Amino acid sequence: MEKERESIEYNFEQCIKCTVCTVYCPVVAVNPDYPGPKQAGPDGERYRLKNPLFYDEALDMCLNCKRCEVACPSGVRVGDIIQNARLKYGTKKPRLRDFMLASTDLMGSVATVVAPVANASLSLKPVKAVMDCTLGVDKHRTFPKYSSQKFVTWFRKHARKAQDAFPKKVSYFHGCYANYNFPQLAKDFVTVMNAVGYGVNLLEDEKCCGVALISNGFKKRATKQAQTNLAALREAVGRGEPVLTTSSTCTFTIRDEYAHILGLDNSDVRDSVMLAVRFLFNLVDSGKVKLVFREDFRRKIAYHTPCHMEKLGWGIYPVSLLKMIPGVDLTVLDSNCCGIAGTYGFKKEHYADSQKIGEPLFNQIKSLAPDVVATDCETCKWQIEMSTGYPVANPVSILAEALDIEATMKANA
Amino acid sequence: MVQEYDVIVIGGGITGAGVARDASMRGLKTLLVERHDLTDGATGRNHGLLHSGARYAVTDSESASECIRENMILRRIASHCVEQTDGLFITLPEDDLGYQATFIESCRKAGINAFAIDPKEAIRLEPSVNKSLIGAVRVPDGAVDPFRLTIANVVDAQLHGADVLTYKQVTSILKDDSGRVTGIGVTDLHTKQQTKYYSKIVINAAGIWGHGIAQMAGAQVNMFPAKGALLIFGHRVNNMVLNRCRKPADADILVPGDTICLIGTTSSRVPFEEVDNMNVTPQEVEVLMREGEKLAPSLASTRILRAYAGVRPLVAADNDPSGRSISRGIVCLDHETRDGIPGFITITGGKLMTYRLMAEWAVDLACKKLGVDRKCETAEVCLPGSSATPQEQPRVGTTIGQRAARGRHGERTSQISLSSDTDRSIVCECEEVSVGEVNYAIEKLGVTGLVDMRRRTRVGMGTCQGELCACRAAGLLAKADGCARKAISNVADFLNERWKGIRPIAWGETLCEAQFTSWIYEGVCGLNDSQEKRIQ
Amino acid sequence: MKFDTIIIGGGLAGLTAGISLVNKGQKTLIVSSGQSALHFFSGSFELLSSSDNPFDAMKSLPVSHPYSKIGKDNILRLAGSAVPFFKSAGVTLSGESSHKRVTPMGFLKNAWLTSDGLLTVPADGTLPWKKAAVVNISGFLDFHSPFVCAGLEKCGLECREFAVTLPELEKLRHNPTEMRSTNIAKTLTGEVLDKFAAEIERVSAGCDVVILPAVVGIQDESECKRLCSLVSRPVKMVATFPPSVPGIRIQVQLKRQFCAAGGTFMLGDTVTEGVFEGGLLKGIYTRNHGDTLLTADNFVIASGSFFSHGLVAERNRVYEPVFGLDVLASDERGEWFATDIFENQPYMSFGLSVDNEFRPSLGGVTIGNLRAVGSVLGGFNPLKEGCGAGVAILTAMRVAELIS
């Protein structure tokens, strides 16, 4: 019945100035130089329409966490308004650093080849100091390690053939992180899907989803990559395969940002792109598959809802799945931003804010002292591991470990 | 001791303000008297269109020539009140494209630089325009903020020694035994106190209410109140003025103005008894919406903030008591020669665009009577806040509030204290009005209440129509004059003044906002009329 | 996904119904499109504040009024259970005796239950203090001491105004728009609150009571209690302009209670469609969950009034946007409004038409397993009658009883 209010144009007019968004903005609470979502979003938009001179460069401080949108009772796409304004009116030229941070797949391709060197040098103090001074990447920041073998390479060598045995198939959008930094997650995904009787296909051509390009102001390149991805998604969906993911941010970017920020029509594939945990939960909930868990698996898990997971509204899926594991003692952490926001927290100018934003989350984790923190976002993982010392795993990896793979395969054969 | 003025000007609209400025610049000791607040009448209830004159070119070439001349003058002397947007006269499929040639020809004759452009070019220049247009003419229309323009004239008059009284209703025109007008009797609307002011000349510049003023002096001016209704939209849909290229009709002008845009107007005769309480009817709203959507289709989905109506004073020629031959031109009446009432002048007719010329005519006449030989300089000297070479807005290092204030007060922004965090704090978040600007308005611009404050600063003029800022601004007023009760009852009046404009168009988000405002003020704050009456 | 009950709307009414149902062991889901009107809370729940004797006055309400549908005996019973109900969620409310709240503009209004720590005036209008220190935070524009003082002076309280600040608050003031109650509350915790307390202690010397804007304690009541313990004089708070810190605290606590008891809360999601079958609502689709049908035995609609978008007004029509349920409203826009903003505005009473068990109808057919609670209901004017919160809480409790 409710008409979808999808057009960004004039969406700011739905704002009734209730100030709820300002309550939930993680940035404004720690940095008074940020104008706040109400001022940066709907209020500022009226002025920018009058005269672009009213654009405020402080909008760069927006994390794009979309918590303002989740909180807004009037359906105002506050975060989209701010991101669009940054792309439309921003005058600051992106720096080399921004280009490097944004080019996750380019950097990944290079770094994977020279992974040991890259990993060693990125953790060396002198290198960090140089990056801090010349590039503006904060020296406190721990860089994610690069893997020496890309997931895609491993998959082609060791797993691709075995997929033919499964009559039912899904496609996998692995994202840059699972490909370059942490192929184990992607391997875990393949394990779990195979266990429940689904074969995995990779997309014909997968580019970085573009989230970092968008937040660093490279709209054109982001659009080009998005178009490549959309073509690949269409091809997979055309085969009748849903496209599964293991990163909440990639998922959110493809489903929402492609349309709202890049202005691309993704309506034909949007509903087919989803996190693996959603797909799995729906299969279990509808009785189509059974999960058999190991009896000796014991974990105290704290689940952190990433901002973009909050925006997707899908926290219920990983939480419900983790709750199914008999040996799991699960606490759902209060929904707070961890502060990293992709490449945001890597930048020297944002490092302090980034850590301050994450403080309540870190404190809650430390007071719980879990065996592992579960979360669906790789950058949250880096931030939480660096800031708390607790290990962080994707719910899919936890499932892969908790499942009795053979028994599950049998149950779903 | 009785203070005597050279000139008393009745009416704090743009005409009265212009007369007061001109008179005081020519060294006349001047008093301006207004019944409510400055700009309370037709001045604050029109399009804010800086006419190029094109609209009148075909039907009234004299008005058209006056308009374009004054248009060019205002761009110079009132730079901070004017936005040089240019305008389009568009032809839609339902209009006669043949009219375009006549129109352009008439414009050229009147000295208006009008030229046809390709409809595609029109869409590029103004993307909001109805894409089905079949013709477009570009003209030097623009937007003028009548509040700013009036206040700037009044401020300049004060800088030249004029006195200004607001909320003082003229209740009598004083005459001596010979029948010469010698002054006015006024009643203070707040205190009900009565006072007399004396002058050599009284100039009646009271718009439609000038009809009654003239009667007090014993003169009859044939005026006819013509109501014009308009709608304000929530943001700027268009950045160029949009007109229909056809004979002037209802609701065929869409004007951008500051953060909003306006569609208008309707035109209907109303009886004199109604001029103090104009209400916009649902039928008028329908007409404005229907015609507005033809100019810019996206208006259909744009939030409407308010509906309001002003009353134009139409003046019938003296030799036509029936009122059939209405002039839209300037009418300057020397009641000494016309009615045998020395010391009394009426300046009326005309329009916002020609206020300066109207003032010039009236003050020329007054000077002649007073034997003062000073030339009018209002066409050359910039208004306070304006400058012949306006500076580009600084972009970096200023808050949005500072940039917005600069748009409102021009060069005078330097007088607004924005040095402390408190000064920079925002009172009105929709219109970016700071504490410093509110205090400046209280101290320097003669603000007595929230409605006055709104006219001088745009507090409460934005999307939320006073939802958060009314109380904040009232708090500052209370601090300034030390009376909390007065400030609170002022909030109640202000909310009702806002409600009057909201009510005719309260649906969609506008109704959500209105309900939210009531929830805050009546619910959370417990403000209601019975409590108000208890205070009184 | 299958639930026992799905509630649409996560404000005061939705959460009250949700907690009541999970407490009975129901698997309950709340779908809420954004945060609720508790963010604009006055500090007190009102029962029927237009009257000094609300329970008596209820007898003369029209039969269509939600209170009349609950019934006198049920109201007395449910109202009596409200304080312990909220207490169990960590929300302390005082309401043993009739009292008035003090509004941000200094008016006194009849209240039913008031959030702990807020300033109230007993029905007889006498306060136990003579001299009050009314302490605002420098640069905070959503609380005006002069208004509050003017009101309290009528109760015979001599008020002295102060403004205090701290370096941490000064930092916040740097932002021209974000010196808001909630940002102040986020600052006034831990050691900063200690320093704040010391400042208050200092300026209020010689006064019997300290009156503050309600800008402390956004997550729970502990910081408020700590502040009170750190100052030697009684500390009382007065509600501010939105956002409301006490209101957000109640929202946070109720939601926490609901989730801790096993409820599922989906924030920022919107119901896009209902699936009806044979006079029953079978399931709903939401924007975030796309093609996943969320099913339940019972449904509650607690979607609020116009400003919560539980009702939508078009140029000449008022409708309920989730399912298109039948509403009590005029289609003639001329009949929606009164001339004076403070008169009884007819649109305020628009809302769902329900039977005596709060079941709305769709095209004239009563939906057997759907109930409506709170301000989406028609037939009452929450502002004029002063009963918005009372209707929200009591209809929610009543409906939870009817469901199980």
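Lettered A, B and C in written order, each chain numbered from 1.
As a convention for this text, a residue touches a chain if its C-beta (ideal position, glycine included) is under 8 Å from a C-beta of that chain, and two chains touch if they have at least 3 such contacts.
All values reported here derive from a predicted model rather than from experimental measurement.
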Problem set entry | Farthest-lying chain, centroid of Cα atoms versus that of chain A | B
Exercise. Which chain would you call central, comparing Cα centres to the global Cα centre?
Worked result: C
Problem set entry | Inter-chain centre distance, chain B versus chain C - centres from mean C-alpha coordinates, in Å | 42
Exercise. How big is the gap, in whole Å, between where the Cα atoms of chain A centre and where those of chain C centre?
Worked result: 35
Exercise. Just how far, in Å, is the C-alpha centre of chain B from the one of chain A?
Worked result: 53
Problem set entry | Numbers and ranges of chain B residues touching at least 2 other chains | 426, 429, 468, 512-513, 516
Problem set entry | Sequence positions of chain C contacting 2 or more other chains | 37, 40, 173-174, 177, 242, 307, 309
Exercise. Touching two or more other chains, which residues of chain A qualify?
Worked result: 16, 18-19, 35, 38-39, 74
Problem set entry | chain C residues touching chain B - in the complex, by the definition given at the top | 37, 40-42, 103-109, 138-139, 141-142, 144, 146-147, 149-150, 170, 173-174, 176-177, 179, 239, 241-242, 244, 305-307, 309, 312-315, 333-334, 336-337, 339-343, 345, 347-348, 382-383, 388
For this session: Please give the residue numbers of chain A that touch chain B in the complex, ascending.
Result: 9-10, 12-19, 35, 38-39, 42-47, 49-50, 53-54, 56-57, 74
Exercise. What residues of chain B sit close enough to touch chain A in their complex?
Worked result: 234-236, 256, 258-259, 298, 301-303, 393, 395-396, 400, 403-404, 426, 429-430, 432, 462-464, 467-468, 509, 512-513, 516
For this session: Give every residue of chain C touching chain A within the complex, in rising order.
Result: 1-2, 33-37, 39-40, 171-175, 177-178, 180, 182-183, 186, 242-243, 248, 259, 264, 266-274, 286-292, 307-309, 321-324
Exercise. Where on chain A does chain C make contact in their complex?
Worked result: 1-2, 4, 16, 18-20, 22-24, 28-29, 32-36, 38-39, 69-75, 271, 282, 285, 310-314, 316, 332
